[in-house]
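Chain lettering (A, B and C) follows the sequence in which the chains are written, and residue indices restart at 1 in each chain.
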Amino acid sequence: MLEIRNLHAGIEGKEILKGINLTVNPGEIHAIMGPNGSGKSTLAGVLAGREEFDITEGEIIYQGKNLLDFSAEERACEGVFLAFQYPVEIPGVSNTYFLKAALNAVRKYRGVDELDAMDFLALIKEKMKLVEMDQALLNRPVNEGFSGGEKKRNEILQMAVLDPMLAILDETDSGLDIDALRIVANGVNKLHTPQNSAIVVTHYQRLLNYIIPDVVHVLVNGRIVKSGDKELAFHLEEHGYDWARDLREPAAQGA
Amino acid sequence: MNSSMKQQEALQQFQTHFAAYEERLNGNAGSPDHLRRKTAMQQLADTGLPTLRDEDWRYTNLNPVLKTGFVPSTMPKKEVLTIVNTREFLPDVQSAARLVFVDGHFIAELSQLTGLPQGCTISSLSSAVAETPELISTAPAGVTDSAVRQFTLLNSAFAEEGAYIRAAAGCILEDPVHLLFLSSGAPQPCIHHPRIILHAEKGSEFTVIEQYAALETGVHFTNTVVESTVAEGAHLHHIKLQDESSEAFHISATYARVSRNASYDNHYFGLGSRLVRNNIHAVFEDEQAECTLNGLFLPRDSQHMDHHTVIDHAQPRCNSHELYKGILNGESRGVFSGKIVVRKDAQQTDARQASNNLLLSEDAVVDTKPQLEIWADDVKCTHGATIGRMDDEALFYLRSRGIALAEARNMLSQAFASELVSRVRNEALRSHLDSLIQQRLESSRKDG
Amino acid sequence: MSSEAQDLEKLTSEEYKYGFVTHIEMDTVEKGLSEDVIRFISAKKEEPEWLLEWRLKAFRLWQTMEEPDWAFVDYPPIDYQDISYYSAPKMKERPKSLDEVDPELLDTYEKLGIPLKEQEMLAGVAVDAVFDSVSVATTFKEKLSDMGIIFCSFSEAVKDYPDLVRKYLGSVVPQGDNFFSALNSAVFTDGSFVYIPKGVRCPMELSTYFRINSLGTGQFERTLIVADEDSYVSYLEGCTAPIRDENQLHAAVVELVAHDNAQIKYSTVQNWYPGDKNGKGGIYNFVTKRGKCAGVNSKISWTQVETGSAITWKYPSCILQGDNSVGEFYSVAVTNNRQQADTGTKMIHIGKNTRSTIISKGISAGYSSNTYRGLVKIMKNADGARNFSQCDSMLMGDTCGAHTFPYIENHNDSAQMEHEATTSKIGEDQIFYCNQRGISTEDAVNMIVNGFCKEVFRELPMEFAVEAQKLLGISLEGSVG
């Protein structure tokens, strides 16, 4: 599915990712944990195609293709989905309209017929149940006036509609209360199949109680310093990131 | 430019004054100082005085000013000075220094200029000019705005007295410097042109309270110009308190040039005179500077109070905040015209402006003109304006709790004003302002 | 959509060519403006004596006036003696077929989905075929006249309904109102006239589009709409396609009168030729539009989408005279390349409990300048008047300008006025968010811009709104990314 080889990336001359190696196989869920400023969100951004980052070294192979050759929208169409840490507000553009435009762009790229309004509405209604979202939110402008929890649920709804191969959840748990967390995690789990994969970026172990990762990576100072199974997350929770900071050995490869 | 008759006549009157001044020059004719003044007078004659047809003056009719025959002010009589108690004008406010002017003349015996910290120069303008004659320029460079230019030129032609404050690099003055301008109610309408020069050098900080008050009622015309420069990392706090004779005219131009990481804030509290026109023109000369313009005006009867501000975001990453509030009574008229200019390269500007007005009487009039002129794209600019009378629902709520209507109105007005008072840093000054506002609201209520 | 509307659409999309074309002889008066020229125009149009006098009065006023210079626009001086004030369409100079038309123009028509025949007309191709549309249009005309509705060219109205014209002409925009209205009053050649009788609700949108009465009369157009008591009319002006025109100066006047309980909804899409990328050519659009809510509970609503013209100078206004009358102004103004727009509204509150709403959306791109200028004036006796204004600007790129100059004048303490303005740009984070969902940058910009303008678009009649959205995208093409 995804293979990251010796990825170095930075912004304005400052290196943030200092040689990331990571392999994600179909059907796997990987968690990336790390302290603030370790480069977690940078990694998510680089994967999704944020242009402000400079890739100085390394490559990203996604389904046999060089991911770095694609623009952000092409990556989306290729099935890479980023659930934003801070979902963006787009005043005046209704949620429905936005989702329909996105879905049809993706379908067009994949050579599938665009959905008409009726079919789209049916689809979205079904997907909304997944995230227990209030239908009223559909007619509101994208993320505008949404609560923190509503914004994150909206991200998962978009994910459900766009049906990605590789979902990257960037701190999706931040700012969520336990009920919202459960709903979001439940949505992610239901969308998970043996064919698709997910990378869950988080600071806390809490989310991993609900989304069970196959592999946990610890990212410190731009490098993966340790990889292991879900027990690693508990260990981190208990001992804190200071413990991980002391780990200086090069990262173990993903499973 | 075509001027109407009144403008022509007034101009001629000023030219006569100027000729009289020139006659007294004797050996000093042709001095750089004389030439600068002459240039200012000439430029004023070329431009002419503004009329209602000038966009910047459309809400303020100058005819009452122009048709009054003013004479240059004379030194007040000794007996006038003996009755002045300078403390009463700002009770409880501790000041670092005080300069007192009566009818525009500096009164050394009423002033207090001792015990100043190292690096701080505070003096009357006349003594500062004696050392550095070029302190009085024709007009601040780069200001072409017709809204302020004419009366600045008039000031430049005639200004002889005022204040000069300079804080050297790193000098910090805790207590405010008090500039007190009094009018004696001289029998003949007199005109005076105070000039105030404020320099906050690198990393310095000070507060100036510019206060105008009347010893007696009477007709006079104050035409002030304030020039301030705030150097890198410096902070200048400027408070203006104006409560002059109800027959007086007051026109002022305040210029501020603000440098990198520096801040300038201006707080105006106006109880007014017959006609007030305040102009403020602030320019950011470097990045990451800040400017705050706050104003509260409370006209009553037939007072006319006009506020004209320009904040020029000439440099990127600067912030400005502006809040002007009017509480209007009687047949008064309030004007707010605030312009924010964001120049082409002034990216990441954050500018906020609001004008809120409360009408307490049926005959009061408000004109407000908040303007944005934006030439950069990565900016946050907002402005808002409201005009209305008191919220009936709030009034009713207070009354339903047993508060009498008049008291309730007073409370709500006071609350409306308090936002601006609370932004003044000096606590003693805040409480003085509170009581002034309280008095004004109560007396207006009785009159109304 | 009602069946009339469907018919109407059919008509507009196929058969605009129907000959309401006023009979014009092929003669042209010398360039320049004088009383003789006005007498010539009036005589040509066989006008009554009073109208000639009316024009002459306007001309004499115009001669004493100066061209306004307060607007935030910049253009070389216009030589008013170098304009021909009466000219027949210059058939010879027109392109003979679409092959001779600027391919960029055709490209735009293509994107707007304009039928070929229509393209020919808009591009000014000299076609003389008259389509068999007589029956459809006649059906409309009959239906309207059955209801007592008058909808005809201004020239026809002068001949057929002189009393109505005389009563209302200049009653809202007097000849000497401003420099351009005085010029228009002196030399206007044609325009539209609408009268809706008492108690009648006009069953269809009236559109200039299906009554293009003569090619090339657009320069000094005069429109007068009167809605008598308890009546309603919705009027559409202009169309989304860029229209080629040899005349650089356009100075139209529109007057609306709404009597007791009457409602007039006036929608405009203005897409005159804006000039090329370097600001060469393009129309100067100096328009005076004003409505009078003369009666109680009357309502006038202006909606405009302004994307064209090199220079736009226009302030559709409402005089709220009747008690409880309502004025509305919804505007989207887009400027790109070297375009300049100075537009807004005036709401004059005279009657009690009058209400006004102003929603203005300005979008600037390229090297353009876009100014909102508005006046809200509450007169002494306008007890309980209310105004809400919102002026939002969006900047695309750092070489354009967006300006907001609202004037708010209040003489009544019981009035409530609120004004809000914001300036924003399309955020890079918004674009990236859309990209990440598979939406291209161009579509993302379109989507965000249309979202920004939504409050205005929803005031437009349905079909118009769809076209306007498309138009916006085309106008802003290439301004981001």
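Heads up, the rule we're going with is that contacts are C-beta pairs under 8 Å (C-beta built on N, C-alpha and C of every residue); 3 or more make two chains touch, one makes a residue touch a chain.
Keep in mind that this is a model prediction, so the values were computed, not measured.
*Asks:* Considering only chains that satisfy the touch condition with subunit A, which of them also satisfy it with subunit B?
*Replies:* C
*Asks:* Among the chains, which has its CA centre at the largest distance from subunit C's?
*Replies:* Result for max centroid distance from subunit C is chain A.
*Asks:* When the C-alpha atoms of subunit A and subunit B are each averaged to a single point, how far apart are the two points in Å?
*Replies:* That pair's centroid distance is 57 Å.
*Asks:* Averaging only over C-alpha atoms, locate the centres of subunit A and subunit C and give their separation in whole Å.
*Replies:* The mean C-alpha positions of subunit A and subunit C differ by 49 Å.
*Asks:* Give, as an integer number of Å, the spacing between the C-alpha centres of subunit C and subunit B.
*Replies:* Taking the mean C-alpha position of each chain, the two centres sit 45 Å apart.
*Asks:* Give me the residues of subunit B that touch two or more other chains.
*Replies:* none
*Asks:* For the complex, give me every residue of subunit C touching subunit B.
*Replies:* Residue positions touching the partner: 70, 393, 395-425.
*Asks:* What residues on subunit A touch subunit C, complex-wise?
*Replies:* 48-51, 71-73, 75-77, 81-82, 84, 87-94, 97-98, 101-103, 105-106, 109, 141, 158, 162
*Asks:* For subunit B, which residues are in contact with subunit C within the complex?
*Replies:* Listed in rising order, the residues are 55, 344-345, 347, 357, 359-389.
*Asks:* Name, in rising order, each residue of subunit C that touches subunit A in their complex.
*Replies:* Contacts found on subunit C: 427, 429-430, 432-441, 443, 447-448, 450-455.
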